[in-house]
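To start, the structure itself, in C-alpha cells.
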C-alpha cells in the first residue's frame, strides 16, 4: 500500500494568543494531526516574510501563521501589520507560480483550543492535497 | 596538419563527433541572453552572437564551487570532490581564452589551486574568431587580435563558405584527429582569405585604450582627486566584476544542514564595502572612491607589476553593461594623461 | 523639448549657492546612445549638462548612496544639500523616501524636468546596432528624431519607449524646487496589461517561466544597488548571523532573493524600471514589482510616491483590511 504523504508544516504562533490556544488544545487532550512544527514568536507581527520563504526553502510544505484576533494584539497592532504583509506575500507567491495556499494565516485566541485543532486539521489536509513542495527547495547536493 | 578547412555544413557533424565522447559547452540563447552551457545536440548551439554577457570563466572558476563535503560530529569525516572531468568549450572568443592565461598566474603563484588548475588541464578550448567585433571591443589595444590566439587549442575563422581551422597544441591535435575525415588541408588562397578576414576585423575595432607605461603612470597619481571624479558615478553594483573574464575574487563559506555540509567557494566583488570590512569594524576601503581606484589599479598596476601582463583583455563587457556608463577605456586613457 | 540652456543656467545658479554640495544631472556618454550621470561641483561643470530622450536613468540613487570617507581630526562631515535633476517618475522616488523618513526634504534641491518620454537603451541598440560615435536625438511630438551619420530617422515613440513611459501618469515631477519648462498633463492610464495577461496562466506555467528566469540570475545585486529605494544599511543578503539567503547561486537562493527584494519594495517601488534596465542577464524584474503595485492599489488603495505626508503602506493598517484568506 502506498505510503500517505505526510506534509511538513511550520507554524509561527504568537506567544499570547495562538500559542496559548495550542497549549490549551494539548491540555484538553484534543487530537489533531502531528504535522505542525511550532515556532513561538512574541507576536505575529514578528514574522518576516523571509522566515516563510526560508521555511519553504528548507523543506516545509506549508507555513501557518497564528495571531491574535484584530483588536486583541498584546502589542496593539502587530497582527494588523502581519495581516497586510501576508496579503501581499500570498499574491506575490501566486504570481511566481508557488501555490499561495501553502501559506496560511489564522486568528486563534488563548481560549480557542478546539478552533486551533480544527485549523491544523484543515491546513494539513489542504497541504496534503497540494503535495510536497518542490519549486525552490534547497537541493544541498554540493 | 595544423592548418585545415572545415566546410560550413560539416560543422554540425564536427560537434556531433565531439559530443560522442566528450562534454561540450557552447553558446546557447536563453531568450535574448547568450550563455555558455552544456549542449547535448549541435542544434542547441547558436552562432549568432558577438560575445556572451556572462563570461566563460564560469566554466573554469565556477561561480559556486564545492571544495569538499563533510559530515559533522565526532564520527564525522571529510569527503573530497571529484575534479577529473574532461570537457570542451566551443565557440570561445580569443579574448576570453587569453583571460584564462591571465588567471593562471594568480592560481599558480603562491599556492597551486587544484580546482582551477585541474579544470584548465582537462579542458580543451576551441575558439571562434570575431569577424564582427562589438562596439566596445578593444583587444587590439593590448596588441591582441580578434582572429588569432596564443591561448587556444583550436581556432576556427569564418572565411565565407568554410572555416579556416588552426590547431595550436597537442590537445587540439588529438581532438581534431577524432574527426579528421571532416577536414581538408588549407590552400594558399584559404590562408589569404583568413588574413583578409583578420585585417577586416582589426580595422572594425574603432575604440583604442592608451596603455603605454600605464603601470608607472598610475604609480604617480594614486592620491590624485581624479579618482573621486571617476567614482562619483559608481553605484557599487558589482556588475563589472561579475562579468569581467579576469576578475577572480572569491569568498569561502561553509553551508550545512544538520547532518551534512560542504565548504564552498563563491565569487565575491571588491565593489562591495563588506569585501574589505574587518571584524573590528574598520574598513580600509570605506568609500566608492577607494574601491573604484583599487579595481583600476589591480588590473593596470598591481597585476602588471607582479605578473608582467595587464589584467584586461579588452572584451568590453564592463562598458556594455555598466549602468552608469563608467567607461574603462576612457578612465585609463585619461588617467594616463593626468598630471601628477 | 527641454531648453538645455535654461537647464545649465539653473544648475549654475544652484551650484553657486553656499548650502549646496553638488548637483547631479546627465551628460553625454562615451559612445553610441549612452548618457551618463554628471556631477557639478563648480559652476563651470554645469556646461556639460544635457537633457535628451536618452536620459533614462533615475538619479535619485545618488543622494541615497552612503559615503563615509574617513575624516581628519576635527573635520566635520559635509552635510550640505544635494541638487538632483529629476523627471516625473524619478521625483516619486524622492517623495517615497521622504515619506519613509529616509531623507529630509530640506536635504535635496529638486530640479524638475517635465518629461515627454525616454528611450529604452536595449530597444534602440537592437534597432541601430554597432553605434560607436555619439548620436543626436531630438524629441518631435510623437516621434523621436535620431540623427546618425548625417541621416535623420523619425521613429514613433511607442516603438522605442520603455514600458513605463507607455503608461506614464506623472510626466511632470510631483515635487520640485524648480521646474524647467511647462507642466505636462498626461492622458495615459496604467492598465497593468502585462500583469493581467500573466495572471491568467496556470501556476505550473508561471513557475516554469520564473524558474527559467531565476536560473539566469548571477546575484550581482546590480538591481539592488541601482535602485533608489534600496538603501538599507545592511541588506538581508549580507546578513551572516543568521544567514537567510545563502551565497550559493542556484534556483533556490535566487528565487528567495528575487521574491524578497520584490517584497521589500512592496508599496515603495515607484516603477522607474532601473532594476530591469541594469540587470546584465535581462531578468524581467518589473513584472514582479508591477504585480505588487497593482495588488496594493486594489487591496489597500495605496499608490507609492505621491503624497509625502502619507504613511507608508506596510507601516500602517486599516481596521477593515481584507482578511478573506484568514481562517
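By written order: A, B and C. Residues from 1 in each chain.
Here, contacts are C-beta pairs under 8 Å (C-beta built on N, C-alpha and C of every residue); 3 or more make two chains touch, one makes a residue touch a chain.
Since this is a predicted model, take the numbers as computed values, not measurements.
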Greatest separation from chain C - chain, by CA centre: A
Pair joined by more contacting C-beta pairs (B-C or A-B): B-C
Innermost chain, where centres are averages of C-alpha coordinates: C
Centre-to-centre distance between chain C and chain A (centres being mean Cα positions), rounded to whole Å: 36
Distance between the centres, which are taken as Cα means, of chain C and chain B, whole angstrom: 31
Averaged-CA centre spacing for the pair chain B and chain A, given as whole angstrom: 47
Residue numbers of chain B (touch at least two other chains): 255, 264
Interface hub residues of chain C, defined as touching at least two other chains: 246, 250
Sites on chain A touched by chain C in the complex: 49-50, 53-54, 57, 70-71, 77, 80-81, 83-100, 104-107, 119, 122-123, 135-139
In the complex, chain A residues that touch chain B: 140, 142
Touching residues on chain B, where the partner in the complex is chain A: 66, 69, 255, 257, 260-262, 264
Sites on chain C touched by chain B in the complex: 29-32, 34-37, 39, 57, 61-62, 65, 67-70, 129-132, 212, 215-216, 218, 220-222, 224-226, 238, 246-250, 274, 277-278, 280-282
Residues of chain B defined as touching chain C within the complex: 30-33, 35, 53-54, 63-64, 135-136, 206-207, 229, 232-233, 235-239, 241-243, 251, 253, 255, 264, 266-267, 269, 272, 274, 286-289, 319, 321, 323-327, 329-330
